[in-house]
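Note that chain A is present in both complexes that follow, paired respectively with chain B and with chain C.
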Partner chain A sequence: MGAVGIGGLAIGGSVLAACGDDEEDASGAKESIKAAWVYIGPPDDNGWTQEHDRGRLAAQAALGDRLETSFVPNIEFDAGTTETFQQLVDDGNDIIFANTEYAGLLTEVSDNAPDTKFCEINGHYYSDNLFPFYLAHETTAYQLGVAAGHLTENGRIGYIGAFPTATAFNDVNGLLLGARSVNPDATVETVLVSTFFDPQKAAQAANALLDAGVGFLFGVMDEPTFLQLSEEAGVWTGYWNLDFRSAAPTKYVSHFDLSEFGPFYTEQCQRVLDGTWVSQDEVWLLDTPIGDFGPNVPQDVQDAVLDVGAQLDSGELHVYEGPLNDNEGNQRLAAGETLDSLQAYAIDWPVEGVSGISPV
Partner chain B sequence: MTPLASIASAVLSVTPWRLERRLEVDAKRAALTRIGGAVGAMVVVGILLLLTGRNAFLIFWQALDAIFGRQRGIEGVALRGIPILMTALGVALSLRMKVWNIGSDGQFLMGALAAVGVGIHMDGPGWLVLILMAAAATLAGAAWILVPALARAYWDVNEIITTLLLNFVALQLVTWSALGFWRDKEAAVIQSTREVPFTLPGLPGANSVTIALLVPLAIAAVLWWVFRSTSIGYEIDIIGGNPRAAGFAGIAVRRRILIVMLFTGAIAGLGGMLQLSAPGAQAMNAGFSAQFGLSGFIVAALAGAAFWGVIGGGLFIASMFYAGIVLQTKGLSVYIIFAIYGVILTGIALGEIAARYRVVRRDSADESGTAAGQAASAPQGAGS
Partner chain C sequence: MILAIIENAFLSLIGSAIPASAVVMLAATGAMLGERVGVLNLGQEGLIGIGAVYSVIAVLSWGVESPWLAMLIGMMAAAVAGLIFAVCVVAFRASQVLVGLALALGGIGLSNQLGVNRNGTPIQTLFREVNPGGVLDNNDALSAFFFHDPVVYIAYVGLPVVLYFVLFRTRHGMNMKAVGENPAAADAVGVSVTGWRIFYSVLGAALTGAGGAYMVLSFTPTWSPDIARGRGWVALAVVIFAGWRPGWAVAGALLYGSMISLDTTAQARGWGLPFMGASDLSFFLSMLPYVVTLVAILIPAGAVKLGRRVRSTAAPAALAIPYSREER
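== the complex of A and B ==
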């Protein structure tokens, strides 16, 4: 009986494989494709993964019947992740998106699946079928820093981070340099919690920073627990992922607007449909504009932030402009030297004035 | 009596039946009752899935297809199984003398960390580096249990607490290595150590399974032989049965406890080195062990510390985990999958009880059926 069952399964497998192949015409264009998303958290986390899932739904809405999407939530960095990606390849997905960097756990699969395309956020690996994308956000952090510099008396900013990575360095550096452009004594105090999604750890870190007396609290958490605690403590706060003023109705400053995911996902899927998808040899940067302001942010502060934003956009102002030291006192940028967003993607040091995080 | 057996006994106390311990448990019954428990649990899972509006038949079909329908599934189970089997064998060895090593995850991690240390710093012929990596992993696993073993053997410090707590220390060390001293500066979000450039040779005909699979099988065979045919194994079983009696019989109980505990750590540590040959696992990060130590502990406890039972049970649980990963990609929620794991493990645990106990009517043991007779039987059941 076992043998019969396995024989039946093998036939089922070959029928499935045949379905996937017959749609492609000579130019490589396809009638319809399958795309899958692999998420680090749940799609209803009120934050990071929710924004990615909104992007998925936007691509679905834009491409209609020609795109079939699916997602796998709660995929952590462990040995099972490779099997998850492999299964998605075996299921005939044409393109797979990862909403965090899975590095070797993903490339182990992508290197052996040349017909499947991959896009990995924050990734550092390039191949014929995989390239990274990233949110250039040091400018957004700088603008929030300007707001914090205006709104706080003591210039002390708290930051809850996950890991000491370029993302975190760009957050804390942008915040600090923006705040210092207003208040030369501003500081950023960092707590790293080694996770993006753990409301309890985020709450502990938030309480520690609030008790220490910070005047503005920000973080890269995927969920908004720290916003609520900040509101209760009467401390200004902001969010990475989306407009979540409901968690901090009176003390909300602003957020990073992540609505570029939808257009990005749609474009990549469209390229696969058209047979024009090609890998990149440079990270694909997405814009991360600053979002709407909370109701209690004074108009002159809003104006100042938007003015700085315009200067950053036009290139007359740079986030990273020498002379700049790291927080161990080593000079990293000489006078007049600047870093652009692509260079900032590889940054591995915090600027002077940031504590709780060290150069790599 | 295990906790679950105590619960079963308590539930039965309101019925006219009670649990009675069997004097002899033969291997065939032990295997059949566990398989029966697993099958029964899957029937329960199927009914629950159907009741909640899911197509249970399709889900089971997808799981079986994913595992047995292709070579990749079988290899996936083997890859998942190797670390679970290694930690389970270590735990099973210590359970033979009623020592509870809850720290196999930590020993596994420290073994892997030592192997990474050798692998990223040494240059030389691959076979030589791999042998040194294995040796370092074995020693590191043993070293990680050294303090709990000394404390247990010579000062009677409860090993459950000491071994458990060292898991967290090991995880912090791994995180530190990945964030700090061995960090791969190319990677960004996942902090990993640098990759070990050496890997074990593949099994003939396999795409990704290496000779690592043979190691737990060989260890199980050796342990089985030691406990069947040597006086050392016999002495360990006697210590497990009654350490005081073993002492009176002239067995060096404390030294045996120390050595056996070191061996359990060494096996788990070697498992850490073997895991470095799995796809995508050539570097270490905080997620290196997908709770392999915990899974191994469950396997060893459910297998009743029988070494071939550990192999069978470990591969079964590895298949279950592998199927769970596949089902997640088919849209089944991870929370439902965890619930399914729980029901199946409970089924096996009930099967384990069924192998060791039988249900008898209270008055069949005591023909008079008086209240006194029933009261007398209850503490006897609870105490066994």
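== the complex of A and C ==
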């Protein structure tokens, strides 16, 4: 269905910027540049893509006339995606950001466009003009897990995932280990729906988990349907992307704060302007603090979560600290071993206590 | 013990399958109405989108506070699209397949465009489940079938019963079938083939639109692009599986719905297959509804192949064939 998605190109920013486009001095610095964003969903999804678009607008506001931005929404995984990237290169964009991992659909273009810079979220490909960026969210999941451990009596956490990738593993592992730090019997029950954006599937997964009796429901969905269903069922819930307490006014716990996209996009565009942009050889991880708490989260729970957050920040506490087994009983970390965020970015196993998802 | 587990599994599946495939049921009934009078409307996918997006607009932009009224608005929008389709294929005798495909793609595109700025916004105007209370409370076996919202009962019980009665027990139904089987004969006895075909195409489109409206007014209370996501095509398959009989459409829709529910229910309840890891299982299960749909439409086809052609499982003889009085 991707082919019939909205292919409109929205142009933001100043028209004046187009004038000084390719003037480049000896140092490689430019008077003005064009940047484009390729979005998996619509920029008004009240979720993932909306946060990226806020980041785009923040970069636009910071760099003013020197930056001309545009975006293409609803780009799914098909041959048309490659065409979209090629079109953006041909349109003279200096840097292109992708808000999902398009992998080969993107690199086919980036490898043949050495003068254009690319940043791909959650990507796994590195070249002279492309590097991945992502969020260090296992710590945020851990904090949410601590909250869930305090708030639920049965310690049962439901998780709606998309695919069995590091994103899902870091979510479920963080939730479980955080919850177990409070309640040693805590579990995480996972349903994978093979999509980030399909409210019908998300609703069915949410209903299945709520019917099964979970006490806290979280997910990596790009839209807030499951929050509404949690609220109706009287079950605590949280959100990945932004503050969405309006969907669950009384049962809202917190969210992952993604407001680092704006500073990241601004910095990358600034580097292109200055002629100092260089590719990276490891993923660029953004801080992902936990967001504001919902109105009914008790103060002592909030304090406990923030305290854990401070310990994680200072390095006093680690999300992944051995001994740890995966959920098939194999030891993955020996006593005393830890994983940092860069290592967690490559994780491919769920910890013991997580069900519904298996090691890759 | 084993029996209790199976019963429990079956009930939890059916309990979530019923609302999940109400949209398929409504669209299948809509498609069947048109096909009974010889009009094949492949545009179900687009009609679901149009019905859904206009219900969303009614609630979010026009301040409609009744889910019934919002659904009616969605139905009327789909009916307008159905009227355009019907005029093209019945009055102008354009190819039903091509115009239907255009309606499918155009309807998806139109509804996505109209849905811009409404994505993900929660809808508060919802159908509420009927609570019969009394003995039905706390009864697992019965609660799977009750405690749904009223549209579910209209889709699974009301419409099939009415349609069965009209089709098989009234003169009007005989005429309908005549228009679909042998329009020249119907024409000869004074039935307006053009009029009937247009009327039932529009009514069918409105019912499919009701399916789309139901999605956003109950099942998933929010708009999202490409909302039908294949349910319109499944509805067309259900009509074939059902052999154009309303009662069998209920079975077909529930079969599909159970497979959809199995995807999430099996994962949430930890039902697994011994040779498949939990992650692989999720991919396998999301494929299952479409495999089962494919197998289901092969059953009537297979019966025909084996020479067991039952009259009532065959497609209306004049399906998708434009009627022209001059050419009869």
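Just so we're on the same page, the second predicted complex is superposed on the first by the 338 of 360 C-alpha atoms of A that agree within 3 Å, B and C clash if a C-alpha of one lies under 4 Å from a C-alpha of the other, contacts with A are read in each partner's own complex, and residues count from 1 in each chain.
Note that contacts are C-beta pairs under 8 Å (C-beta built on N, C-alpha and C of every residue); 3 or more make two chains touch, one makes a residue touch a chain.
Note that the structure is a prediction, hence the values are computed from the model and not measured.
On the superposed chain A, the positions of chain B and chain C overlap enough to count as a clash. Shared-chain residue A:102: touches chain B; no touch with chain C.
Of the two partner chains, chain C is the only one that A:208 touches; chain B does not reach it.
Legend: residue contacts after superposition of the two complexes on their common chain; A:360 is shown touching both chain B and chain C. Legend: residue contacts after superposition of the two complexes on their common chain; A:72 is shown touching chain B, with no touch to chain C. In the superposed pair of complexes, A:164 makes contact with chain B and with chain C alike.
When the two structures are aligned on the shared chain, A:80 is found in touch with chain B, with no touch to chain C.
With both structures placed on the common chain, the touch criterion links A:44 to chain C but leaves chain B unconnected. In the superposed model, A:194 lies in contact with both chain B and chain C.
Once chain A of one complex is fitted onto chain A of the other, the partner contacts of A:90 are limited to chain B, with no touch recorded for chain C.
Note on the chain A alignment: of 20-28, 92-100 or 200-208, the part of chain C that runs into chain B is 92-100. Common to the chain B and chain C contact sets on chain A are residues 5-6, 74, 164, 194, 360. Those residues of chain C lying in contact with chain A across their complex are 12, 16, 20, 105, 108-109, 112-113, 116-122, 215, 219-222, 224-227, 229, 260-261, 263-265, 267-270, 277-280, 282-283, 286. Residue ranges of chain A in contact with chain C, taken from their complex: 1, 4-6, 41-42, 44-47, 74, 158, 164, 189-194, 197-205, 207-209, 211-212, 222-225, 228, 246-247, 355-360.
Looking at the complex, you find that chain A touches chain B at residues 5-6, 9-10, 12-13, 36, 70, 72-74, 76-84, 86-88, 90-91, 100-109, 122-124, 163-167, 194, 348, 360.
Interface residues of chain B, counted against chain A in their complex, comprise 64-66, 68-70, 72, 76, 79-80, 83, 175, 179, 183, 185-192, 195, 275, 278-283, 285-290, 321-322, 325-326, 328-329, 331, 334.
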